[in-house]
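Take a look at the following structure, please.
Lettered A, B and C in written order, each chain numbered from 1.
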Amino acid sequence: MGIHKVDRLAVLLASAALATAPLLFGSTYTIGVLTVALCFGMWAASWDFMSGLTGRENFGHSLFIGAGAYTAGFLNVEFGLSPWWSLPAAPVCAVLFSLVLGLPTLRLKGPYFALAMLSGAAVMQNLTIIFSSYTGGQDGLNGIDPILDSPLAYYYLVLIFLVATTIILKVIANSMWGTLLRAIRGDEASCQASGINVNFYKIASLMISAAFAGLGGALYAHYQLQVGPDLFAVVLSINIIIMVYVGGLGSIYGPVGGAILLSVLTESLRAFSEYRLWVYTLVLIFILFFMPQGLIAPLWRRIRSYVA
Amino acid sequence: MMALLEVYGLNKRFRGLHAVKDVSFTLQTGSITGVLGPNGAGKTTMFNLLTGFVPFDTGTVNFDGQSLARLPPHKIVNRGLARTFQLARPFVGMTVLENVEVACLAPRVRGEGKAGMRAQALLDQVGLGEKSRHFVDVLSYGDLRRLEIARALATRPKLLLLDEPFAGLGAGEIQPLADLIRALHRSEGLTILIIEHKLREFMQLVQEVIAMDFGEVVAIGTPAVIVRNPRVVEAYIGKVEFDAPGLATTGDDVGTA
Amino acid sequence: MVQILVYGAVISAIYAMLAVGFTLIFGVARILNLAHGSFYALGAYAVYTFTAVVHLPLWLASVLAVLFVAAFGMVMERVLVRPLRRSSLAVLLITLAVALMVEQMLLLVFGSEARNVPSMVNATYHFAGVDISSQRLLALGGAILILTSLWLFMQHTRLGSAILAISQDAEAAQYMGIPSDRIYSIVMGLSAGMAAAAGVLVAPFQTVIPGMGLLPLFKAFAIVVVGGLGSIPGSIVGALLLGYTETIIAFKISIEWSQIVSVAAVLITLILRPAGLFGKRAAF
């Protein structure tokens, strides 16, 4: 099925907008903020791909992010490999984690699955602190090499990955895979009765979600140049979920928009840093009660119906 | 000729409740058979055992010559054994067409052409063709039943298990559905096994009846013989649905469809 | 060894008070009360305020603190939770909002430095070669007393039996008549009161900071998951398991390792037996 012409145009325009943004705002600081926003975009899109489509909300997405980021850290700092190696290695590592946690939790329903994934991420966070001799404990790994020296060039690299991620995930979501994942959300027993191997699609979508999240994690690591146990924190997972809801569950591109929007917004509210979680929670409550479809996806659909 | 489905000594216990007890029967290819019994007789449990949704304790189930023991439901479907559910369970949030498309994507039938086109054809066949773009949330009970059947048909089954297809239907909806089932039986050459309570349509539809009570098979025979079986009658005393005029009186072979 | 026994007992007892309150309100009203940790923190801060600021005697301050927080919990239930009862997600979020609000307020009023609450008793006991502060023993004794009182209340009063029955099987409760709003209030009061009492008892030897309720909330939650949502015996068994496992690991291995116990316990329980040890079926 691919992507419709109007959507292709939108992708082009959005990419162009994101590409010109740093040129307009110039400073290294804003480029940094935007780079982080793009990473959140990858994390949000990858979360939406699985949880948005199948309805199995993963409250431990940070597990994959941290896995990817620490992989980047290890390969570069401990083993001295070139930072480019992180890009294939991080997704692989994240996928392994998704198998370890995903297989035993296949049969868990909604809230239990969410809680199990959350616990998995929390366990990993604790382990990272415990084995501090390997992981640097609370201080984490420092001195990671950047992939590219110019912040602007790196921004464009991350942007390319984000756009590619969004397109790939959207194409899969529009294909037969998307129909099957949404059917799993509809009713698992009926899926089985229709001859579909539900477990396979559940685990496969989790693996795909993990791979892109891990990749985002590595890209983040090579921006931040350090990784710490906070990358496994529950708070990160929840922030991402909020971004997805703002963007519009199940649309893939909506969450990207939501992520960028909220990232930039909270950064500009820096002065109120203690209240950040407060702000996020309020936003989530607001969206859940008044705009359960999100902000961005419905807006785009409205625009689209006038244009197409 | 080998029977399509052979069940021997099927047993299932749930924590002390012996839900299915030494059930044995065979189904010949092309036959249309009914399963009769009061609530709690173990009919749906038996369906669940045959279709892999619940593992059975002991017994053998041979379908088309192969054992179905310990197979997960989706694999059984891909062997050619499909079922519908007693309580309709459509894929909510998706259209009628998409609901059937899902089944068209089963490995068994995936290569048979575009899922969308096959799905539309199946919907036409069950009489839902015009509603294919509607969301399932707005369908009536009768339509949901047809949808279930279309979904099951999409997997090109050799054997179709229908769990109380007439339950909850209004008087006007029962006959058309029975006609549909009869038509499918003829045109597709399907073997069909139906659980039902509503005796009138049921008894006219099936060639043979397996009567169950308390998890056991109590009697197997033609409808006319079964309604006169004392144990069957006994199981149904007090049941309002036991109303099958013209069968309990004279004539051995009242015939079915 | 004796140290482990006693410390383990103290921590288990405190955990039990928190967990029983948490599971009770879930069992009766299906509320996952994310503000439960706030009750604990408020108890500690209340007793601090009543002694250090209002200069009341310690025993009076403690009692007042518990009553105050119990009332707070009941008001929260009545004003914020009850109107939203139809949506469990909304209830979850509103309790989260209360928790954040309380923490923010404590931060604003008291600042982020740890507060000092005087001990109720100052002696230190020597027992089999180990020093054990009597405040810890008091905490243990207090917790046991409170839990026993609760048990007696549930076994021997009509109201208590009703609450117990409802918490164990909400469906059966429907045959007894839908739980009245009054019961919800009372249970919330009990739940908040017990959490506050835990806070009061540990205040002398725990760090009293605005965020002190977060970890206990998670521990209570973990215990309840392991023990079975809505099951009081489950909470007590779970509390003992967690309390002792943490203490043993903290003494024998390291504190960091002991912190992983609760999270790992949740994960393992969900994978092996989602309903928990004493839980009936999936409670969600």
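By our rule, contacts are C-beta pairs under 8 Å (C-beta built on N, C-alpha and C of every residue); 3 or more make two chains touch, one makes a residue touch a chain.
All values reported here derive from a predicted model rather than from experimental measurement.
Central chain assignment: A. Criterion: smallest distance from chain C-alpha mean to the mean of all protein C-alpha atoms.
Distance between Cα centroids is largest for the pairing of chain C with B. With centres set at the average Cα position, the gap from chain A to chain B is 44 Å. Chain B and chain C have Cα centroids lying 52 Å from one another. Centre to centre, using the average C-alpha position, chain A and chain C are separated by 35 Å. Per the touch definition, chain A reaches chain B in the complex via residues 176, 179-180, 182-183, 185-187, 189-198.
Residue ranges of chain B in contact with chain A, taken from their complex: 51, 53, 72-75, 77-78, 82-85, 89-94, 98-99, 101-103, 105-109, 115, 151-152, 154-155. Of all residues in chain C, those touching chain A in their complex are 89-90, 93, 96-97, 100, 104, 107, 225, 254, 256-257, 259-260, 263-264, 266-267, 270-271, 274, 282, 284.
Residues of chain A that touch chain C in their complex: 104-105, 108-112, 115-116, 119-120, 122-123, 126-127, 129-130, 274-275, 277-278, 281-282, 284-285, 288-289.
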